[in-house]
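Please find one structure pasted underneath; my questions will follow.
Chain nomenclature is as follows: A, B, C and D, assigned in order of appearance, with residue numbering initiated at 1 for each chain independently.
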Amino acid sequence: MPNGFRLKGLVPATFTPMKEDGQIDLTKIPAIVDRLQGHGAGGLFVCGTTGEGASLSMAERMLTLEAHVGAADRRLPVIAHVAHTSLVEARELAAHAQRAGAAAISALPPFYFKPATLEQLVASMAEIASAAPELPFYYYHIPGFTGVSLDLVEFLRQAADRIPNLAGVKYTAPTLYEFQSCAAVLDGRFDLVFGVDEMLLAGLATGAQGAVGSTYNLAPRLYQAVMTHALAGNLAEARRLQLLSAHMVEAVKRYRPLPALKAMMAFIGHDCGPTRLPLQAMSATEKLALHRELDDIGFLEWMA
Amino acid sequence: MPNGFRLKGLVPATFTPMKEDGQIDLTKIPAIVDRLQGHGAGGLFVCGTTGEGASLSMAERMLTLEAHVGAADRRLPVIAHVAHTSLVEARELAAHAQRAGAAAISALPPFYFKPATLEQLVASMAEIASAAPELPFYYYHIPGFTGVSLDLVEFLRQAADRIPNLAGVKYTAPTLYEFQSCAAVLDGRFDLVFGVDEMLLAGLATGAQGAVGSTYNLAPRLYQAVMTHALAGNLAEARRLQLLSAHMVEAVKRYRPLPALKAMMAFIGHDCGPTRLPLQAMSATEKLALHRELDDIGFLEWMA
Amino acid sequence: MPNGFRLKGLVPATFTPMKEDGQIDLTKIPAIVDRLQGHGAGGLFVCGTTGEGASLSMAERMLTLEAHVGAADRRLPVIAHVAHTSLVEARELAAHAQRAGAAAISALPPFYFKPATLEQLVASMAEIASAAPELPFYYYHIPGFTGVSLDLVEFLRQAADRIPNLAGVKYTAPTLYEFQSCAAVLDGRFDLVFGVDEMLLAGLATGAQGAVGSTYNLAPRLYQAVMTHALAGNLAEARRLQLLSAHMVEAVKRYRPLPALKAMMAFIGHDCGPTRLPLQAMSATEKLALHRELDDIGFLEWMA
Amino acid sequence: MPNGFRLKGLVPATFTPMKEDGQIDLTKIPAIVDRLQGHGAGGLFVCGTTGEGASLSMAERMLTLEAHVGAADRRLPVIAHVAHTSLVEARELAAHAQRAGAAAISALPPFYFKPATLEQLVASMAEIASAAPELPFYYYHIPGFTGVSLDLVEFLRQAADRIPNLAGVKYTAPTLYEFQSCAAVLDGRFDLVFGVDEMLLAGLATGAQGAVGSTYNLAPRLYQAVMTHALAGNLAEARRLQLLSAHMVEAVKRYRPLPALKAMMAFIGHDCGPTRLPLQAMSATEKLALHRELDDIGFLEWMA
């Protein structure tokens, strides 16, 4: 019975390393995982948005997960993102994750056909979660990508009885009042993990204890410092550091967020290659300009 | 060289028959195809939105296509919808379609990550189309589902050189001025097929020669009558018949469009079973009420 | 009792002439109205979207209406657009329109706070319509601007008893199946006027008898030819002419639709000045380029 | 030269009191203002979203502002919201606010026609701000209502030279990373005031020193306690209290937010009457049920 499972601290949503021709490159994963583990990562979130899960084939998703589980070697929990527009495929990914040794699974809702009612959402998620019954299940709320923004508080209340392994929510939206309400449902039964890196301080103030995000790959020391200062009630210093994250987002969005973030992995010696179409990878010129901007705003030094 | 390929007349977007437990049921396909062929269908569009393609596994999509190609037995062209959020999987579906004997392929753009520029859209579509180089390729424009609504006229101009087998567009949007502009690009080089059944008359008036849609499964005689009257310039009678389609849509949307339409297949003796989650299938009570409404508005008699 | 009022033919939505400094310039109105009357306009729609009604002060809206009513001099009906985010102001505009001699009023729904239910929509529209009880009232459906897209068929059914002077709908959306359903409500009691110029042919085919739009100011002969050919069942020729309208829209949207259309009034000798902020008026260079494009596509000759 | 003006603490966005027939009722304002002043309000934001400014006539907006300025009697600053779809009217409201003794003005962007570029936004806002040159001007960012969400950091940089009296931003959106970036523009030159009550703690953690909102009318002691604990670094207690606000929002949105909040004024002895159409006022039954819910969650006691 997986309830009670909690993610703590910073959980990088890992990039899926690729070769220049777009093939996945599993050989890069062990070194990346070692680095993240050395930085005290609270887990690894694999094949999610950052990992371009939606752009990978079924086989690639399974191989990528296995490579992370192998590299983690029980040193830190690996959460497998298993969503798919087809619940049949999602169930297969879920079952594979359980077999492969993932510590938990997570799924966003179907997003071609979209659940229009809570009943449809609960039923859809129950179907996925039941394919990995021994693993905690995290609902992945990311309305900016899925267009699904049903009442989450009510979802948790209704799903509590229908999805026995429902452990919590990966909450990737800025609406922290809803985050806080969800965390309070059924006396705090569910684990609410915050997914907006550039608002980490706000999330911590609102009660987040775990956070999943792409930039925790890049500047783990920075965000850990934010966390330390926030927990000590030293908000001024936490804010000063969090501002670097906001500035980084300003820079990154001048290019294209995910391609830019993936390109930044090369800046720290872990080249993860280009993003796949439909995302347009960064050009060499763009990378150079971005590097300079990150240096100017003082973010680069935290990536060391 | 597949250019010059044109779809003519009414092309039903087929439902994927399922058993009560949600498994696909290929045994139903031959009778459905025979009926549609008997009604003069101009082709079959398989595993698209109507066919719940996004809710099927890769294997199910391939089997469903093969069953339709087999049942069609060269009597009418089968167009395979091969889109996927992963271009790797989409290419595999495209290559399979070519091997399996499809007459053409079609794909909507990636819709988790979405192309944000024409360059990203052209490059993404080129990648899919090149995996079935011997087949005509139809871009599937359906912004209500994908959220992608880049300038289609410009897309066609730019794609003309980059996608050698680009044959046309399955245009599922009500904006007929754009439809007409697209049809005029490069002296009418591309085949624009209209995808809004309940606006068929408007589409025909604007120049559509082919139309793909779900309700052409259900009431082919009605829409053929619309077509005949429209082509003869008898707009008043065409309009009277087209109004039945508009009334049907009013009824259907009081329930849930796709589940209702799929349920209606049973009304004509070709039970296609329930829709899959996240779409909620019709209950027996709902089916009964819908049947009565369709009778009241005079649509049911056209389904005979 | 104003029911039974019908708008016929092409009804230009007039531009509000302005001086270079942005002040309204009523002196230009008589010549414009004479020209439109000479071209057989079916009425004038004043202070709507084309007329930048939302950018005018209350006083300016009243003056602009009076100038049009005066210039029309009973030769053709003037419809006053009286919507406002404040129903108090909308009622004042409606009452003024009745006093000033308008033939009908029209209003879109409040759009800062928006009606979220049919009851709120009906009640809001009833409040406006009752301030001009002797005039026919047209609900102005333009969801692309207002964000309000409640079920129109149901609206008409419910409003029929609640708004005694409800005459019809100015329907500015491409979804012609809904247009057709609305026209059929209560045995065709309501007058459905179509508002998408670049889809006029499709609208006519679907049954529109009147059409309101901005480009009927610019090329009335073109659209009348479309109308004549369509009514004669000569769809091929109607289509050929309608394509010019679609090409014009392609050109205009490369700039900014309303500023471009307003600038085009100068091309026919009726300079209406710039658009007001927040719309950015066309520069001289842009106007020159647009003029050339309109010439190239063959639209300009129809503006003579 | 108004730069350097800062709003501090909790600034209630006041409701506009109305009689049962919907007429404004200025007689209620003095007692409300006295109460808020007694609770240490940092100012009053008048005729904004909470005050149904968009539903009031020009005359009503001016009278409502004057009543608040009179009641405040220099004890606390009054900020006048002067936005209008017509910049002509907005300028008139701005000039009136300066004459009437407001301490600052604020405006959201035009929202029928919307600025599509930063240049259009800056030019539009400059036009309003220049009509009250002696007052600080706050740009009112509320994309959920206006649909305008241009890059705010860049807006502030460009507007700094073009709008001499630009003092800051009333920021009503949950995206606190952008809030933080804006607060850092030009070495913190601008005053960023936070407008999401149910996220006050997150806003404070991110650096907000002032906050404008509707519920500061209702439970000022609660939010002041949140503020006190947050500033003291006592995040756990601040969070416990902030959760009451989140629960209140859950209750309120089960009805309709603004009508419910306005109805709640009667619960504290300051009946502000119904909301105007298109907002549907609360029924007596709904009010009773809401009162009970607010009691159950422990919010009501903080309204005393």
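Note that in this section contacts are C-beta pairs under 8 Å (C-beta built on N, C-alpha and C of every residue); 3 or more make two chains touch, one makes a residue touch a chain.
Just so it is clear, the structure is predicted and the values come from calculations on it, not from any experiment.
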Centroid comparison with chain A (C-alpha atoms), farthest chain: C
Euclidean distance of C-alpha centroids - chain B vs chain D, Å: 49
CA centroid of chain A to CA centroid of chain B, Å: 36
Residues of chain B touching at least two other chains: none
All pairs of touching chains, each written as two labels joined by a dash: A-B, A-D, B-C, C-D
In the complex with chain A, residue positions of chain D that touch it: 153, 173-178, 180-181, 184, 196, 198-199, 201-207, 230, 232-235, 238-239, 242-243, 245-247, 249-250
Partner chain B, residues of chain A touching it in the complex: 52, 54-58, 60, 85-89, 92, 109-117, 119-121, 123-124, 127, 145, 147, 256, 258, 276-280
